[in-house]
């Protein structure tokens, strides 16, 4: 069972078309990733300062299947997978709860681990590697 | 006891200074307002289409007292007060949980009820009036 | 020559990692798309109310190649291409000006035209079709 | 004559009410402040790393007078004023161009200069002080 994050759609998530702005689906998925890390005991505040690495998103892909409106209740599942010793991918499903729990979006991100000092690829920190392998 | 909304600080809330961007404190408070309405049984999705009014924010004031970082756990209290038959104010406290539960910001918004058709001030819908008076 | 939009990176575009938040690259590209439409004489305000259609983003893909910091000057190119009578794609390059004008991101979005009333696919409005074909 | 920043309203500035989300007026004003600094030769990227200070917003106030829609053309004026040797205020007017150039919002922010190392108030850097006095 992948980690699941629950979230309500709020006004600042939407745009003048009346529904969630497409780029905000990615932000909502990134929130789910942050919550998944915290649930695994990885404190974001300390993590990046202590490990000496940054792990930016290097790619994203999204399919937007259904519009989401203010007040909609969402469940976002988070499924990480290792790509190499210094990169991984995450698949997300954004599910609108109620009315059959339909998938509103499928998102995938890739992340690369980079040494802050050398600005080159670095091995993933063990605690993150463990989280990816468990996912 | 005012309504309280719990929220974690996420990456898109922050800016390059490393902490929550000042305008995002207002968004976080607006989220708390939306959650307070939902907790009172006011469904945002239906509310505005059924009542024929819009209730924009007409003023805001904020004091930013402490920086907030990614992963910080927040409690936001929501205290509404009636100003007139067609307007109200909300006071918010943004409290950083842990380390003494310090107040990170104090925010106040004013809201005016406007008829969608006539574009002029209109009485607050009864259900909203009841929520304000209870607060 | 594709349409080019010029834009400076601002604080709210960035996050605590010190650079533009990945989802905001998509917002910056969408701004470029809006500016390209306006440059072609398509007024967004009137367009959607008059044509009776909505044209949501149905897919997005992005490669994030270089970090962007506050104050960076960007050029975003916008290259539309027809996919069918009711859909099109746009390719964007986000170029950081200065220091060799390097590509910071490559983004692609797909857009589908939907009738507001029937909620089904509808032909693209002629003025938009003309813009895509010219691109 | 105060510095003036020109800006078009884009989709991500708006929310499901169809107009610019109230907190985004503050972001738009902060953009204008950043552009005013750049126009005065203050490079944001280097500024904060070189001066050893941070200058967070400590207060904000806003009156939202008129709704703004996608495609609206704005002019934002930026008028700084010194408050003390380590703090200043900025007044902004957000003007919707066309149809009489009406004021859509009045915003005021206060900023405090803080030493990054000592975490206490520090004198404003001379180049910033000069910009405030000129304004």
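Letters A, B, C and D mark the chains as written, and numbering starts fresh at 1 in each.
Note that a contact is a pair of C-beta atoms (placed from the backbone, for glycine too) under 8 Å apart; a residue touches a chain by one contact, two chains touch by 3 or more.
These numbers come from a predicted model, not from an experiment.
> Farthest from chain C by Cα centre, which chain is it? Let me know.
B
> State the pair with the higher C-beta contact count; candidates are B-D and A-B.
B-D
> For chain B and chain D, let me know how many angstrom lie between their CA-based centres, rounded off.
Here the centre of chain D sits 23 Å away from the centre of chain B.
> Taking the mean of the C-alpha atoms as each chain's centre, how many Å separate chain A from chain D?
32
> Which integer distance in Å separates the CA centroid of chain A from that of chain B?
Each chain reduced to its C-alpha mean, chain A and chain B end up 26 Å apart.
> In chain D, what residues contact two or more other chains?
11-12, 17, 19, 21, 23, 27, 30, 69-70
> Show me the residue ranges of chain D that touch chain A in the complex, using the header's touch definition.
11-12, 14-19, 21, 23, 69-70
> Where on chain C is chain D touching in the complex?
8, 10-12, 27, 30-31, 34-35, 38, 43-45, 69-72
> Please give the residue numbers of chain B that touch chain D in the complex, ascending.
Result: residues 17, 19, 21-24, 26-27, 30, 48, 54, 56-64, 67, 109 of chain B touch chain D.
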